[in-house]
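My questions will all concern the structure given below.
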């Protein structure tokens, strides 16, 4: 997997582009099922980098801010292969008091390969205690919420 | 991740034991979220080996029989770490005409870390066309169905 | 890991850019050792795409042409982190009768993180028999050889 | 990959058993090259657990003791597949002032698939400064050195 992190229009839909590779594929000649949640997670980590200005690594290590996941849900429609770029359209579907719901649709060659939603909660890295989403976080990404 | 595939009592609940390792963990000192679906998939692949006598590799390459996943769903309750073995209790929750629903609960130190259900369908490796579950498959694993 | 595959000057040195991510890191807050050879392999797979026009996936599936590795060698100088892009400078150091030797130096923030060389041989995917490098391959990449 | 960590005779050769799986394989129907160094690393992590009583996770988090790798070297002889267990025979080939050299030979069905040596150095997790191997470490594993 290799992907492209570039500036994005601020319309709330982040398009994450992944080059699926030989390394991602299994003997059925398609990306292994276990890789697909990782593609979606990579999109979310990049979403933070693009929209907040810091990725999970900096958020955790420099701000003691973590977002542990509590729910993962995906429907798989079509096999993913290295023949086309994988474009993951990701949005913040719901911003709760302490939770973030991300919804995504992944396409290759204009066809939906998989879609789903992942929910994570605000926490501190050092204790994993759930916390309300900090004001400085909400201030920078709150306007990106795009409900269903 | 390293796990232990051993003979199991034929009660329909397969216990898959995984040694979570340093390699599975991220800077939050817990198994990375993207590893967790892979743990569940490893349990299912091993379930086939133990109960059917062949793993995905042999089923695909020697029988042209594949089980592509169509739905993944997980709730994450507690972080997974290398401090305890991860025991995944897996059962075949529903055997449809052409689908298999696997349900699992993963525990460390007697506490639930994550649980979920994955759905896959019968297909041929060569064409990915969904097919009814072949009789020789149903004959060997049908008695293992344990509905909710 | 996400990377950027873009057009390259044809000087024989391919620069492969990887976004190292949280997912690549272990509890020591650096990219896990086992990820580093994968970064180098990703660079080589992309080298084929950029210079030959096809990646390993197409070479194997559409041309029955494989390049199984026979030797891996790396020296690790400095930890790799997500704080800077990882730039892998890769060259074809030697083109033998049936072997390819790739040499690489990976840098972050102008400092060498790791370097090494990987050797692979020409083969057919279907049989894994070593073969002389096919003329159509040599014709397209032979001019890129940059000996030590 | 799933493996079996069991008590070992104290002859200095540790046999690490891995169940190679579908998830490890690529479209050439063999374990992906990038998985092989990870198999060897898994053997070394398990070696610490079996012989020292603690794996990398505990050594790092509970003792502030790390062993960053500085050199990786492998020769690949035969493809690795899920058809047979992978048995990695691992020994501590050299114990230096601050370095550990591990040598390994990995076999399936009595044939050598790959072999190599990895070198790591003693350090603290918190600073990555190289240090002399601590006495309490040398005391517990020093007798396991098996030079070439």
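Quick notes on this structure:
Every chain is named by a letter (A, B, C and D) in the order it is written, and numbering of its residues begins at 1.
Here, contacts are C-beta pairs under 8 Å (C-beta built on N, C-alpha and C of every residue); 3 or more make two chains touch, one makes a residue touch a chain.
Computed from a predicted structure; not experimentally measured.
The chain pair from C-D, B-C or A-C that repeats the B-D interface, sharing more than half of its contact pairs by residue number, is A-C. By number of C-beta pairs in contact, A-B leads when A-D and A-B are compared.
Averaged C-alpha coordinates give centres for subunit A and subunit D that are 33 Å from one another.
Separating the CA-averaged centres of subunit A and subunit B is a span of 24 Å.
For subunit C, the set of residues that touch two or more other chains comprises 22-23, 25, 27-29, 34, 38, 41, 57, 60-61. Looking at the complex, you find that subunit A touches subunit C at residues 1-5, 18-19, 21-23, 25, 29, 38, 41-42, 45-46, 55-58, 60-61, 81-83.
Per the touch definition, subunit A reaches subunit D in the complex via residues 22-23, 25-29, 32, 34.
Those residues of subunit D that touch subunit C in the complex are listed here as 27-28, 33-34, 36-38, 41, 57, 60-61, 66, 68-77, 79, 116, 125, 128.
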